[in-house]
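A, B and C are the chain letters, set down in written order, and residue numbers restart from 1 in every chain.
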Amino acid sequence: MKIVVCVKQVPDAKDVRLDPNTNTLARDGVQSIMNPYDRHALEEGVRLKEQYGGTVTVLSMGPPQAGETLREAVACGADEAVLVSDRAFAGADTWATTHTLSQAIKKIGGADLILCGKQAIDGDTAQVGPGIAERLGIPYATYVKKVVTCENGAIRLQRMMDDGYDTVEMDLPALMTVVKEINEPRIPSLKGKMKAKSIAITTLNAADIGADPDQIGLKGSTTQVVRVFTPQVRGERAMLTGTVDEVVAQLVEKLESLL
Amino acid sequence: MDYFLTEEQQMIVDVARQITEELIIPQRAELDETEEYPREILKAMAQADLYGLYIPEEYGGFGGGPFAMVLALEQIARGCTGVATAYAASALGAYPILISGSEEMKQHYLSDIAAGKRLAAFALTEANAGSDASGIQTTAVQDGDHWVLNGTKQWITNAGEADIYTVIAITDRSKGPRGATMFVVEKGDPGFSVGPKEKKMGIRCSATCELIFKDCRIPKDRVIGRTGAGFITVMKTLDLSRPGIASLGVGLGQGALDEAARYAKQRVQFGKPIISFQAVAHMLADMAIQVEAARALVYAAAKHVSAHPNDASKAASMCKVFATDTAMKVAVDAVQVLAGYGFMRDYPVEKMMRDAKILQIYEGTNQIQRNVIGQELNKEYT
Amino acid sequence: MLRIDIEACIGCGVCEQTCTFGAIKVEEGHAVVGDNCTLCGNCVDACEVGALSIEREERATKGNLADWSGVWVYAEYRHGRTAPVAFELLGVGRKLADERSVKLAAVLLGSNLAGQAEELIAAGADVVYRVDDPSLAHFTDDAYGNVLTDLIREHKPEIVLAGATAIGRSFIPRVATSLATGLTADCTDLAIRAEDGALLQTRPAFGGNIMATIVCPHTRPQIATVRPMVMKPLARDAARQGAIIDVKPAAARMKSRVRVIESVMEEQDQVNLCEADVVVAGGRGLDDAKGFAQIRELADVLGGAVAASRAAVDSGWIGYPHQVGQTGKTVAPKLYIACGISGAIQHLVGMQSSETIIAINKDPNAPIFDVATYGVVGDLFEIVPKLTERMRGRNAR
């Protein structure tokens, strides 16, 4: 079984915070990490490989630095790494990104199973997985929390819904996006790290994957960011002061009027 | 301080540190409380290739020798000495096979041990044979194609959890020190059973029990090395493993120093963080000096032991004494820096203090280590 | 690409601080852009001297955008119930449709839908496209996606809205991809741009640390998913008139390559956090699970739901279903009481649309006070039990 896992390098969102003085994002010390959901997708891919046999290829679209994330993926069990990198990809929205990634998957010979994290923590769009599947014309399942079986050319899994979960089955080739509940990602092994250090990352540019120039990067994007701003928080504040009993009395009064 | 580790050595540190931070530190208090064996953590360590660090590549290991073990153990002990002990015990159990086992025996056991598929344990101590190994009463008698073992081993780390036990028994009492032999006993061998888990002061998540041999029959090819060479194998095993125990001391000491220093920066009394009081700052300074000196000695000793296995005893004993006495002292001081909070189980330093004590005791008490060093000095200055 | 006017640049470094990707740096007195620039435009807005600009090669507009008209809402229906978000979308959809002087339609897909379409009309829809077919009994991305795509192709709405639910976030990307148009996920605000009637779609990014307003300039429809509990539904008006159009798609379009084996409903909490009028939330300041018990008590007394900040959930004091914030649920109750929550921006995005916010925290500088209607600086371990006791006494009366 040929498994492709799509991973994205993202800024560690928990470090991104507002600088109260400049009201801008302070990014001192913000590290680039593998999108946390993608770590779970990778782990699931590696487990499926270990159970059913096959290979795991990690694929990322990004600047050359994203190679570090691919090496990390190799240390965690991926066999091969492919980076799609071209300045022409910059500014891509999800429409352009899915074109690029689906072209890359075709270029490397397709896949029996494609795994993605449910979303990336920088954009949170959750669109790339389904978009790739649609462009490749294959079925998909989102928010997968458990793979039940993967046999006889079909995969059966449980996907989360807002009110429970559905057990569904689809024939391969197929794509799935996973939630964190699906597994506990492993810590990279020593042999994996050694392999990651020496592995040659296949790097493909826009021409290599036969990308349609009208469908990549900023130009190929269907959406456009017109404004970026920091969220406005409501300012009216009445501080209740006094002894504990006085404060509680005021709170009771407020609650009574509200309830 | 920069010890100019190679890229591979740095990887070992990184992998062990990640396991410590992501898996061990979040669970250590609960493991201490429940005394549960850390199976899941050890499984993750096996998956990360840490079980094969010291085993040569031809047997599926990493080929890093005792120094690689030292680097990993230091990181793990920074999180929990109980987990580190459970991990180190497998290496201690495997060393006799590595040192004296036949090629066939190495092929048979070491790759499974390196993969962490089977854990090992080392069985020397008995009720009447602690520091004085000549008090061993477990016997092994040959009976056709088998050996038959009788006796009881005490305080055996990994007992019940391990699949492979390297056991010393008297095969010919008349030959004195040359009358002991080491054997491999496997879980499930007839006549072999494990006693109940001991209640300990520290390293509580590690398993410590009796091994009971009642007419335990094992095939004759389970002899490790030559008959009668058991004590030599034991001495060489301990020479290899003592730098590892020493590194547990370095790790524990570093962990205690980290906790104390962080707390001292954050705790405000008389309007200032307590680290700004000289009384506290000097304690922290002494802790830092001792931990760093211990680390330097342990690293040097581990390299010496790898390079000079036949002249290893003094270096191994010196680093074991210094680093573990340091760990005890630093842990006690860390509790003092945290004072009332340090005494409470909410903070990890009281556990570190309880854990530190065993380091001065097991794998040869620090008094016995000083005897060894003294004897070596006596030989040197003839 | 990002253009830097070296003459205009004063090397102040504001762009460097603003860039979330670390892609722009001040070197030798002026800004220099690196390979990892994503053209997000953050720095362009931040630059005080106008030295930065993004050079865009415009995408060609596809067809005549004016052929597309009307606002559509996908009315999610599952397990015998129309999702509350459908009514919220009709609320905002009504406003958008009126501004554009077009009709508001709802698309209702499922099986055994009797009575549901009428409710959608009462909630603001002018038209309901209803596909009531046994093959739509279970949600599948294929069947639902095909049917919605075909309807959009046929009727050409300019705007399509869906809830950012597990279902909406799953199949709407497929619809947008097959229509080759843009999709903005998880919107928290929608508005019409006065000059050209474009849909301004505002959504949080970077864990809610920044907000981005997005347009879909060259393709139609403009598709957005909207977070539940953000928009307000209209008051139900049974007198409202509308047309119900039953659609019979070809059977082949309702076949799915994904086979649903079973659909399992799982026990929800006694009080559904997202639909509660009162939410009592606890954070790191509770110190431990025992401290957290006080939150449950106050919630019980007020008949409210229990919520938690990420810190409290990560500490294991309460389960993930109770987490409010960017990585958890979004709530907008009438009353939100935050105890021992500092108010990291990640938490604020999940609760700041609450009508009234009461914050109790010992740190007077905690950011939670910036969004609080009423703030109390004090020891919650003293205040909360007393408040619980007083409210319990009041209930008893």
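We take it that a residue touches a chain if its C-beta (ideal position, glycine included) is under 8 Å from a C-beta of that chain, and two chains touch if they have at least 3 such contacts.
Being a predicted model, the structure only gives us computed values, none of them experimental.
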item: Maximum centroid distance from chain C, chain identifier (CA atoms); value: B
item: Pair of chains joined by the greatest number of C-beta pairs in contact; value: A-C
item: Innermost chain by mean C-alpha position; value: A
item: Between chain B and chain A, distance of the C-alpha-averaged centres to the nearest whole Å; value: 41
item: For chain A paired with chain C, centre-to-centre distance based on mean C-alpha positions, whole Å; value: 19
item: Gap in Å, rounded to a whole number, between the CA centres of chain C and chain B; value: 54
item: In chain C, residues with contacts to at least two other chains; value: none
item: Chain C residues touching chain A - in the complex, by the definition given at the top; value: 1, 14, 17-22, 34-42, 45-46, 54, 56-60, 78-79, 83, 138-142, 165-167, 169-171, 173-174, 176-178, 180-186, 200, 204-219, 256-266, 268, 278, 302, 326, 334-335, 344-346, 348-349, 352, 356, 358, 367, 369-379, 382-383, 386-387, 390-391, 394
item: Of chain A, residues touching chain B in the complex; value: 186-194, 197
item: Contact footprint of chain A on chain B as seen in their complex; value: 7-8, 11-12, 14-15, 18-19, 22-23, 44, 47-50, 53, 62
item: Residues of chain A that touch chain C when the two form their complex; value: 11, 13-14, 16-19, 22, 24-27, 30, 62-65, 87, 90-91, 93-95, 98, 121-131, 133-135, 139-143, 156, 160-171, 214, 218-231, 233-241, 244-245, 247-252, 254-256, 258-259
